[in-house]
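After this come two complexes, each holding subunit A, first together with subunit B and then together with subunit C.
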Partner chain A sequence: MKVDGKKVFWNEYQKDIADDQYYFVRSCVRQNFFPGAEEAFIRILRNDLGKDLYTDPNHTTCTGIGYHVDLVKLETTMTVIARQFALMSEAGYRNFVISCVTSFGLYNEILDIWEKHPEIEEQVRDYLYRSTEREFKIPENLVHASDIIFKFRGQIAAKTQYKLVNQYTGKPLQVVEHIGCHYAKMFPEKGVGGAEHPYVLAGFIESLGGEVIDYPERRMCCGFGFRQYFIKASRGYSLSCTYRKMKSMEPYKPDLIVTNCPGCNFFFDRWQYVISETKGETYGEEDNGIPVLTYEEVAALALGYDPWGLGLQMHQVAVEPLLEKMGVDYDPAVKYIGFSGKQLSKPQMPDLLKVY
Partner chain B sequence: MKNMKRTEADCIIIGAGPAGLKAGTILQSMGYKIFILEKDDQPGGKLLLWNTLSPHNESAMEILNPLLKDLKKNIMTSVQIETIKKSPEGFTVADQNQTIYTSPALFISTGFKPFNAGRKEEYSYGIYDNVITSVELEDKLKNNNITMTNGKVPGKVAMIHCVGSRDIKVGNEYCSSVCCITGIKQAMELRKRIPGIQVSCLYMDLRLNGRFYEDNYKMAQMNYKIQFIRGRLSETNEDVDGSLVIRYEDTLAGKPAKMTVDMIVLLVGMQLDKSVSRICPLINEHTGTDGFFGTGKIDFSLNPQKNGLFFAGACTGPKNITESMNEASRVAFEVHHFLKNSLISENQDQHDRFWL
Partner chain C sequence: MGKLFERLQQDVRFSEGLEACINCGTCTAICPAASFYDYDPREIADALQVEDEKILEGLLKGEKIWYCGQCMSCKTRCPRGNTPGLLILALRNLSIETGLYLHSHRGKQMYVLKKLIGDTILSTGYCVHADGVDTCLFPEQGPVWDWIRKNSSEIYNLFGNSYNKPGNGPLRKISKKSMNELKTIFNITGCTDRFEKIENDAAKCAKKLNLEYDDTIWNEYFQLMYSKNQPKDES
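Moving on to the complex of A and B:
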């Protein structure tokens, strides 16, 4: 493989990412799946990078999941998104940062519709005003949160305590990067590095000293795929997609999977458990599985945040083997002690996949 | 302006490919003074890239050498044209050495350039080893060195048709007309030279309009056992052992499919070489909606070009070498009529020798 060849694409697919003053919209599901990830993003931006980031308690879902499973009409989705823009305008911000990849794709899709059909935008403005008496401005800059981490990857790398380097061998950790389908496959020009050879996570991983794996099923969906999972009868297809990806990446011996999408992270993580129980197969060394983290969790770990404060115990695949390789200083005894000081429930021991 | 060299001719031909050379030979045989300006360091155009030509497997050099026989002193190589200007007297062409060529007629035979396969990002040309173009394979055939980057001989090859042709995504909706037969010729050549090699052609439609093309297609199936799959490539990936895993749609079966091969040959289409149209608005005005020069309509007039500007060869649309040279012959006669008429009206007495 010629990495220089990829650089051609990376140079072609650059995008404007605002420097500061961000209006942040959260994901519906991430705070339930991995509650520390978004919090880590906010802390890194405010505390480590000194940025102004506004989180608004009044914003709602973008309706993305409902929209993609045909439960929410397009007009409703557009009006809800118009309301988010109105909240941003009222808060005095123009740079819109989105936590969720599904939302990112949907916001871009709606903006594209409005650009091509201004009459629809006018209609939506009317819907919004009649329902809420709100008005909105189109964001000057609309990016995914992983774009921001990519933009400041150099500054983050300069402050890190730990690298994506195996402390025992001195070699770079082998990392699978998985970009959510809706990050760039819908609008390649909106993604750093485009859709075929995206750079948003690869560049971030490289800046921390890791080495990115390019495996044959890299571009395939994680398996979530909305209808594949939400329609119960199709869940086997969801699982088989993930299984195919795991089998494809296995020969490269990955130390870590990094994602920028809530669904991808969840399914890579949870399906490894299901595969271990149903197929009797695990990936990674000694039945540990391959840890699956979000980009903010990786950034925060590298910056020296406490892994249990980040909520890494909420991942199905245990992160301890990764912490050991990175040389992260952590206390195994407090893994399941919550912020309140009370003992959290421990996961029941799977038959095969190890839990620490 | 002090060191300027001025050279006058009856017709300046830009491009020393088959069309330019053929037109030059005809015009010179009729007594006209011609100059052929070539940007490369040797004449021959794209013939130089080819080893043999279908459908009769003729040697490219055996076609080129007779064309050069009587023209050598009129061909200027390594000419970088800087300006082309039109005046009532004709055309003034200036090159990088401040040489000025003037003539009443200007014959454009700038040919084509192969489609940049890197634009089909999903095919990963320039990224994965052993993804090559038909032009590169021809070079390997010419040097009789059909090896992969690891020095080994490929055991299985996929030839991908219509790369940059009939593809709305890259803006080329036309058929390049010669790639199908080129692919068939190259596939048979691989089978002749490498015992046991498996060759699969993934085609959209097989467009074999030239004389004897169908015979080649039949021969490829019956005598050389080339596998023809009606299928479109969707993505190329590299496996851990360096083999290429391709994902395609079998458009006859209507199903997605995968194949593992050692080498992929992208049969790249033709695009207009815009080097002259970029520097001369008058020439650029003649660009058709498909990106090639001219209208492609039947021309009934004997002397259609009143302004002394003529086009022939692959710059007026994708065509094989026979068609290119036939068009060049026809247009050379148009040049003759134009010159004859303009010379009669302007300077009749001095040019009796041109009258037929």
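Moving on to the complex of A and C:
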């Protein structure tokens, strides 16, 4: 293939990611279950990359979960998102950074609707003004937080203390990456690598020396299923999806699962616990699970951040096997120390899955 | 064309979701819900393109439209640009708006979602808040979650020191002004009315089934809707 032709062919898989001056919106799920991940993202951008990132106390949920469980009306969701854009406009920013894949898909869906149906955008502007007397500008650049980590993966890799390499064997760690359905399945052109060659996590993992596993169910949903998960009677849908994925990746002996979406992180982490309790199966060595980390957690760990300062003790699947393989210098004695400096009692142990 | 179809067509997700289905079944092949339930997104798209009022009414009253997990894998793979997942959103919306959702058990489960997610949004500004996620409702949360909830201030404040108080960090308390704006948006766009309708409908259904019902989630009707699919005693 000619070089020019190659460039044209791959152009549709490229994504414009702003260099600096970011307005950041948090994720409902991430801040509840892996709150250290968002704090790590903020620290990495500000302290390690020297970027301007604005965190706004006034933004709310985008209502994404409520929308996809059919509860929150489209008009409502659009107006709430318009309010987030208004807050960004008022703060003097144009580059919108989203910490949640469900939100990212929804923002893109709404921008797509407004582009094709300007009358709907006008109606939403009216709703917003009547509700809040606010007005908004559409962001010039809208990305998922992992897009920024991907963009600056070279700079991050150059500063790392640890690599995704097994310190005992010198071989690359075997890594499962899961980008989350709403990152690129809905609007492939909005994701790095699109739906066919998603590279946002794979490129980042490779830059840290890890090797990405290509397993049969790699692109299957984690199983959130929105209402299927929240209603206990249909929760088996969610567990079954994750179980299918775990069985599919198991023969490749992953050392680590890295996720893009906070929901996916939660399901890979917690369903491994349920599978261990109900089926007596674990997927790591010696009754350990496969640690499940978000991209920010992996970046921060590699940069030398303390694992307990990152909140890795909030994962049900213990991360210690990964820390050992990476050669991370950590203190097991401070894992359960709280904000006041008090030593907290340890969580109860699962029957099978190891916790340290 | 009947009135239900006219209303469905007013939903932008219908026009965006349906071009022309060629019945290839690619969506069904890729669909996680189709592999676990008696569900076929191809059938939904095909049923809608015939524009039959009776068929549409059957969908709105039935169980099938509630099986989709909203992964949207169907959008990526459809060779004709259809998105059954979007059609499902439009169908579920119309089913709720017309009250036809009360004909199906899974439709009635909207009450559970209103209690778990809707009330959380309007009380905290988040779809999910740790203080409302109880391991007796979500046992898969595991022992680590019991530990986190037991020590919530000690743990969450490690990250931004803003747990349930003003600040910029995780689980910060969202200001009264922002919450008022959020609630006003819900009022003006009709979502508050929807929440009330779901709650009122649930009260009537509970009465019909002679089940205990109150404002909390700790009542017999919630437990039935939350933990059972198609119970025998529900007609």
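Throughout what follows, the second predicted complex is superposed on the first by the 343 of 356 C-alpha atoms of A that agree within 3 Å, B and C clash if a C-alpha of one lies under 4 Å from a C-alpha of the other, contacts with A are read in each partner's own complex, and residues count from 1 in each chain.
As a convention for this text, a contact is a pair of C-beta atoms (placed from the backbone, for glycine too) under 8 Å apart; a residue touches a chain by one contact, two chains touch by 3 or more.
Predicted model only: the values in this text are computed from it and were never measured.
K.L.:
May I ask you to decide whether A:His197 touches subunit B, subunit C, both, or neither, giving the answer as first, second, both or neither?
P.N.:
Once the two structures are laid over each other on A, A:His197 reaches subunit B alone.
K.L.:
Counting only touches as set out at the top, which of subunit B and subunit C does A:Pro251 meet: first, second, both, neither?
P.N.:
A:Pro251: touches subunit B, not subunit C.
K.L.:
Applying the touch criterion given at the start, work out whether A:Asp214 contacts subunit B, subunit C, both or neither, answering first, second, both or neither.
P.N.:
The first partner, subunit B, only.
K.L.:
According to the stated criteria, A:Lys6 is in contact with first (subunit B), second (subunit C), both, or neither; which is it?
P.N.:
first
K.L.:
Touching A:Phe224 in the superposition: subunit B (first), subunit C (second), both, neither?
P.N.:
second
K.L.:
Between subunit B and subunit C, point out the one touching more subunit A residues.
P.N.:
C
K.L.:
May I ask you to decide whether A:Ser89 touches subunit B, subunit C, both, or neither, giving the answer as first, second, both or neither?
P.N.:
In the superposed model, A:Ser89 contacts neither subunit B nor subunit C.
K.L.:
Jot down the residues of subunit A that show up as touching in both complexes, subunit B in one and subunit C in the other.
P.N.:
In subunit A, residues 188, 195 are touched by subunit B and also by subunit C.
K.L.:
What part of subunit B is in contact with subunit A in the complex they form?
P.N.:
Residue list for subunit B touching subunit A: 118, 121-122, 124-129, 235, 237-240, 245.
K.L.:
Spell out the residues on subunit A that touch subunit C in their complex, using ranges where they run on.
P.N.:
26, 28-29, 31-32, 35-36, 38-39, 55-61, 63-66, 68-76, 79-80, 83, 105, 112-113, 116-117, 120, 127-128, 130-132, 134, 181-182, 184-186, 188, 195, 220-221, 223-228, 230-237, 239-241, 270-271, 273-274, 309, 311, 313-316, 338-340, 342, 344-350, 355
K.L.:
Mind listing the subunit C positions that touch subunit A in their complex?
P.N.:
11-13, 16, 32-33, 36-37, 66-67, 69-73, 75-76, 89, 92-93, 96, 106, 109-110, 112-114, 116-118, 121, 125-130, 133, 137, 140-148, 151, 153-161, 166-172, 174-175, 177-179, 181-182, 184-191, 194-195, 198, 225-229
K.L.:
Could you list, by residue number, the parts of subunit A that touch subunit B in their complex?
P.N.:
Its residues touching subunit B are 1-2, 5-6, 8-9, 188, 194-197, 214-219, 251-252.
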